[in-house]
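I'd like to ask you about the structure that follows.
For clarity, chains are labelled A, B, C and D in written order, and residue numbers in each chain start from 1.
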Amino acid sequence: MENILNHIGIENYIFLSVILFCIGVFGVLYRRNAIIVFMSIEIMLNAVNLLFVAFSTYHQDAEGQVFVFFSMAVAAAEVAVGLAILVAIFRNIGSIDIANLKNLKG
Amino acid sequence: MEKNLVLVLLLAPFVGFLVNVFFGKKAGKGMAGALGTVAVALSFVLSVYFFLQVNQTAKPIAVKLFDWISVSNFKLDFGILLDQLSLLWLLFVTGIGSLIHLYSISYMHDDENMHKFFSYLNLFVFFMITLVVGSNILIMFIGWEGVGLCSYLLIGFWYKNQDYNDAAKKAFIMNRIGDLGFLIGIFILGSMFSTLDYGQLKAAITAGNADTAKLTVAALCLFIGATGKSAQLPLYTWLPDAMAGPTPVSALIHAATMVTAGIFMITRLNFLFDLTPFVQNIIAIVGAVTALVAASIGLLQNDIKKVLAYSTVSQLGLMFLALGLGAYNVAVFHVITHAFFKACLFLGSGSVIHAMHHEQDMRRMGGLRKIMPITFMTMLIATLAISGIPPFSGFFSKDEILMTAFHANIPLWVIASLASIMTAFYMFRLMYLTFYKDFRGTEEQKHHLHESPGLITFPLIVLAILSLVGGLISLPFGNSWLNQYLAPLFSEAHHAEHHLGTTEYTLMAIAVAGGLIGIGLAYNKYLKGGYVPKEDQDIDGFAKTVYNKYYVDEAYMALIVKPINGLSNFFRETLEPALSRLVYGLGSLANGLGSLGSRVQNGSIGLYLFAFVIGFSAIFIYLFLANK
Amino acid sequence: MNTLIAISGLGIFCLFAEIINLRKAIVPVAVLGLIAILGITVSEFDHPSAWYNNMVIVNNFSVAFSSLFIVLTIFILAMSGDFYKDKPSKFSDFIAIKIFLLAGAVAMVSFGNLSMFFLGIEILSISLYILAGSDRLSILSNEAGMKYFLLGSFASGFILFGICLVYGATGYFDVAEIYALSQGAGLPVWFYFGIAMILIGMLFKIAAAPFHFWAPDVYEGSPTLVTATMSTLAKVVAVATLYKLVTSLNANMPHLFQVVIVAIAILTMAVGNLLALRQENVKRMMAFSGISHAGFMLLALLSLTTAAGTLFYYTAAYAFAGIASFAVITSVTKNKATQNVSDFNGLGKTNPVLAAVLTMSLLSMAGIPIFAGFFAKFSLFTQTIEAGYLVAVIAGVISSIISIGYYFKLILAMYNKDADAETTSFPWVYTVVAVLAIALNIGMGIYPGCMFDLLK
Amino acid sequence: MDVTTLLLLLFVGAVITFIAGDKLASKVALLFSAAALGVTVYLLTTVQQFSSLNVSYPWISAPKAYFALKVDGLSLAMVLLTTALTPLIILSSFANQFKSAKNFYALVLFMAFAMAGTFLAADGLLYYIFWELALIPIYFIALLWGNDAIEARKKAVLKFFIYTLGGSLFMLVAFAYLYHKAGSFLLTDLYQLKLSSCEQTWIFFAFFLAYAIKIPVIPFHTWQAEVYQKAPTVGTMLLSGIMLKMGLYSVMRWQLPIAPEAAKTYMPLVLGLSIAGVIYGSIVALRQKDLKKLLAYSSLAHVGLIAAGCYTLTYDGLSGAVSQMIAHGFVIVGLFYAAEIIYRRYETRTIADMGGIRTQTPKFTSLFMILVLASVALPGTYNFVGEFTVLYSLSQINVWYAVIGGTTIILGAYYMLKMFQNVMLGETNAKLFADVTVGETVVMVVLIAFLLFFGLYPKPLLDLVNPSIQEILTQINRS
């Protein structure tokens, strides 16, 4: 079956995803605002989702796209929990800077 | 029957020991003393019985009691061998032992622990019998160590005085140094010949195909053992100190019996020493030098028992000289006569000390001749004997040694003769200072002076008589009884008789003259000159060196004891904690690493994420890049 | 599969129980229900089956581990009744979340498809995020929850990427298919990239160095019972899953992977034990102890074909000892602000039973016979030696020696010091759980064969 | 009636002692330990063929392990040592008032159980388990009922525990490796292994580490003196009397026959270490100020000699080592008991605070003296038999070993007599020393009677042990 991958090549999708994933990783590493960190994690996940879709097309197989739904649902749940914890933290210390979370160490 | 009698002979003193240990206190002092004496006397009677039997039949009595120790290449029985040599020793051990027990009943009567004293004495006699009658070297070793133990117990009998305890300890440890040599000798013999039984050893060694070098080492080791027990150079220093013990102990153990164990051992193993001339030479030299050194120290001692102690060392040296020259029978002869006169001397000095209320310094004595005539007479006889004046027993035995030395090696003869002259000098010095002139002690002592009771004088008299006539057993004319009696023990070589020729008579004359010179010098200085030795602080010059025993004890202290103690302190205070710290150090290292790690774990999420990524990258690089 | 459904049903029941005012019944019902489910699960032993196009595969491995998880959950739930009694309004939530967590755990060991695996791990993780931060008013708990969440979802991203790459390389999520393909040659390199990423994600979950940093902080900050859950149940689940993943995805593990495993195992043991030495907080100490045990368990990956039984034994031994010790720790520190070693002073006198149980569980973790921990370590060592990695065994031995240092610190405190504060009451349920758990541990020690042989 | 009964008896005894409560604990413990002794003696006297008592039940299938016990003269002799000393040790403690006595005596019996198990085990895993089990009770005994400041004690016992456990873990690795090679832990299978010299070397040293720490051989001894000093006397007795014999026994039973080639290759090294221990221990003991520490170092010296005997790989060395092990067990228990008797009256272990005791208690003095003499291996005591045989075996390897090792008879006499002099002799001590009680006398007399009897007539014990030693030697010399 004719598809776009014949023209662009699966490698490029992989590279794109890797780049996106790395952007996410660096976002997580360098930002201290919890919300932005969350968003960076979302970028990582979505980079993967993108790749899933690409592979799904590559293999002419729907499973990959189904998996994307799973992973989106999971990501949503995860972020919900994360935000809830964040709210609790904000109520306790009035800040969402993760650099302030250094009570536990040693 | 015979076996039972042998057992009684052996165990009677042991039973005496047990009874005295457990019931002595309740039985009372007289009872305890009597019991101890009877036990030893019983052994003596049996010894005489067996002696007569063996003397007649010339057949040794051997009894096997039970299987004892076995090692890979041999088994040892606990067996008893009553032959000419052991019986001879038994006779004077139990005989003199009985007399000294008798003597002690009176001598120790004031001591609260008298029953203990007798139990120890009995134990000593038991071990001495064991030493003598065992059928193999290891049993001898049991007795050997056992008498050492009793010596330890008895030297330290007055245990409240730590100096005495030190002396006891010193005796034990010095002995143990020798014992190690003895043990090593036993090991070498055991592994060479797969037996330690005298008979089998003799057969194996005389078969003549043994490695001489190894034999030499073994003999040397055994001799080291003998130097410990018999107080020869360099291990002699314990014996003078051992005089801390009660005087009967000095008489029995440190003069008559125990210290002759070394001579017994070498005589017992004469077949071994005969094959190792190198060791024999060493023995002769050590003996002669010991005789001279000890005699020279004896010249200036003021403690009456110390004088006797050094004289013992010196006499033992003469015996070793004889042993080294292969004249075992001569050595044995001197052992016997020495036992008589030295026991007599010690007991006599004990009598004096008893009278003087435990004063032993001759500078505080004098003029006792009239107050204690029996003591004086008996001691005089013994002194004449030790000085080698005919016809007293010491003359014959000492003369034989000198004669043997002369025939073997003139320098040794010179040394031995010098020692004899010194002996005569210091013995008469002792007599003059003690018994002549005026009393130099305190008034109080003078007031209490008295002749000792019968229980003390009786043994003295018996021993004096023996000192007088003891020489009869081996008169230098023809083939003496002793030599014949002992002949089965020795190889043929020793049967060569002395032909009394001019040389021999000249030698005798020289020896007697030497003795007389010594006596004369002493007479001149102490009786005629009325000289009384200086107080300790006034002694100076070379005399001080001699008086302080050439500082040998101090040298040992500085060269051996101090370094070991220093090492001990070093180990205890430095090395042990260091080792300990090493172990703790490992723990601290772990703790330190832990602290370091804790610092990395600083609570920062960023760092944790960073570590994750680093770890991830490292693994990826290793897996997919580094190995491409 | 029946297990999974039943567990989920039980969880939902717990949520409903709140609505129909049956709060008091929740714990007994949950415990009884789990016991029943345990029966169901065990009955599936030796009856392998596959469900829903191989989404879920039930085999002896999954049954054995599921049963272990259920037993652990029973213990944890039994303690929850007392632990949450001053938080009645959230009671059913906590219980339900723990049961859902169990469902995730069961899914993780019985997956037949990577999507099932991913769902399982996320259910487990999200439940744990919630539980870690569940003490809403405590900043420490918040911090623990946040740290766990951030790092956990970061790691999830890696796992997801790994799954994606594996899918891309093979075109399948079904592990059996992937396994078949991995036997052949010609897979693109990103297949191995994917495997590596999944493994690294799992290494994070079991807290292997250098991915371990979250564990001590999270363990310390979380409510004690949650710490117990994480250090026993969650750790065991992660290890079992890791093992299952490795065996089912890639039987012929390249030598390079083994080297990495050995290196990480040694590093993990060292880091865990060394850092534990300096800890005063018991929960934190147990976290490091758990890290070091993760290092040991990693050694099982070196002998994939034979180690299932050993791993099962090790995890069970570790988990029971952990439950026993955490039961004691929870009981002792229940009304205290801190959980320091000094809080255990004099326990030997005030409550000898708890002290004895804690001692025994620590001895088990230290690997002293006759406790199960010894056999676990020993058979792991044996297998590792057979696999040819003596160096890993030596490292294990050395770290075992180090571990005595901190385990005994606690024991010494219990027996050798007098109590600082007045004694508080010790609810009976903790004691019962502690004694039962340690009894199981000792039973395993006296007759280890029964468990070693299960997964032949 | 077999050895399993014996083990069960001790184990059940421990449980019942615990149940019996504080008041009855000591009596119950004594009863059970005496019963165990009875069983041992019964077995020794009635059984003709010891191998008929061997036990072997399958226990674990993977790794394959058996509950296997090997009964021969050697193991029975060691069991006898254990069961004979345990009641004496328990009896000796009757005068002490231990808090929570039930725990204490239960631990003592449990330790006896573990030690007897170690001596009997014929399966490596089982052996290792017993070996480690013995460690736990002594740890608690020393920790909970010990002397001195708690911090120092804690440090000492922890070091002891970590040290010994650390050593044994390497042995465990060796066992794991052996299992990998042989497919079983059974002694018989391990004996049949053919290991390369490299394998033998590291297995030999893995075992050596475990045993050298337990025995202890220098420089692995640093735990010893501290623990001996800190532990309560009962613990010290158990440690020095029985437990360190576990190490020596294991050398004979496990280390040498499994790695004989390595044992031959490294003989100079291990012999050197052992003999160095003799001198080192003696010299350190010379200047000790603490009575228990002095005895600890004397023990170090003596076990050095025993270890040397083991490592000679000769019949004499092994046989002498066994004799010496038993003899040392009895004598060191007696000596520590003497120290305890003094401590009960003077509340001190510092030698300088003693002295002048002899006048007040002649009976105790005599008993103590005999023990001192036994410890310096005076002929007539069992110690002499052992020491003589060991030194003889050393002289067969090299006379200089015997000479250096033999210095123990000199140095030993030196420090023991010095100790005795300072402790017992001298001017009568101002402090009252109550005469020894009947119980105290009984314990010491029994110990001494044993030593003297077998000193004069060691044949029964030698006959008991020697066939096993022959067997071990056959294993060592297999090609």
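Methods note: contacts are C-beta pairs under 8 Å (C-beta built on N, C-alpha and C of every residue); 3 or more make two chains touch, one makes a residue touch a chain.
Just so we're clear, the structure is a prediction, and the values are computed from it rather than from any experiment.
The chains that touch chain B as well as chain D are C.
A comparison of C-alpha centroids places D closest to the centre of the full protein. Taking each chain's centre as the average of its CA atoms, chain A and chain D sit 66 Å apart. In terms of their C-alpha centroids, the spacing between chain B and chain C amounts to 77 Å.
Mean C-alpha positions place chain C and chain D at a centre distance of 42 Å. Taking each chain's centre as the average of its CA atoms, chain A and chain B sit 98 Å apart.
With touch defined as above, residues shared between interfaces to two or more other chains in chain D number as follows: 162.
The set of chain C residues touching two or more other chains comprises 146-147, 150, 154, 216-217, 278, 405. Chain A has residues 25, 28, 98, 101, 103-106 in contact with two or more other chains.
Listed by chain label, the pairs that touch are A-B, A-C, B-C, B-D, C-D.
Considering their complex, residues 10, 14, 17, 21, 24-25, 28, 34, 37, 41, 44-45, 47-48, 51-52, 54-55, 58-59, 61, 63-64, 66-67, 70-71, 74, 77-78, 81-82, 84-86, 88-89, 92-93, 98, 101, 103-106 of chain A touch chain C. Chain B meets chain D in the complex at residues 21, 66-72, 78, 116, 138, 141-142, 144-146, 149, 152, 156, 159-160, 162, 165-166, 168-169, 172-173, 176-177, 179-180, 183-184, 187-188, 190-191, 217, 564-565, 567-569, 571-572, 576, 579-580, 582-584, 587.
Residues 115, 118-119, 122, 125-126, 129-130, 133, 136-137, 139-140, 142-147, 149-150, 153-154, 156-157, 160-161, 163-165, 167-168, 171-173, 190, 216-218, 220-221, 278-279, 284 of chain C are the ones that touch chain A when the two sit in their complex. Residues 59-63, 125, 128-129, 132-133, 135-136, 140, 143-144, 150, 153-154, 158, 161-162, 165-166, 169-170, 172-173, 176-177, 179-180 of chain D are the ones that touch chain C when the two sit in their complex.
Contact residues on chain B toward chain C in their complex (touch as defined above): 587, 590-591, 593-595, 597-598, 601, 603, 605, 607-609, 611-612, 614-616, 619-620, 622-624, 627.
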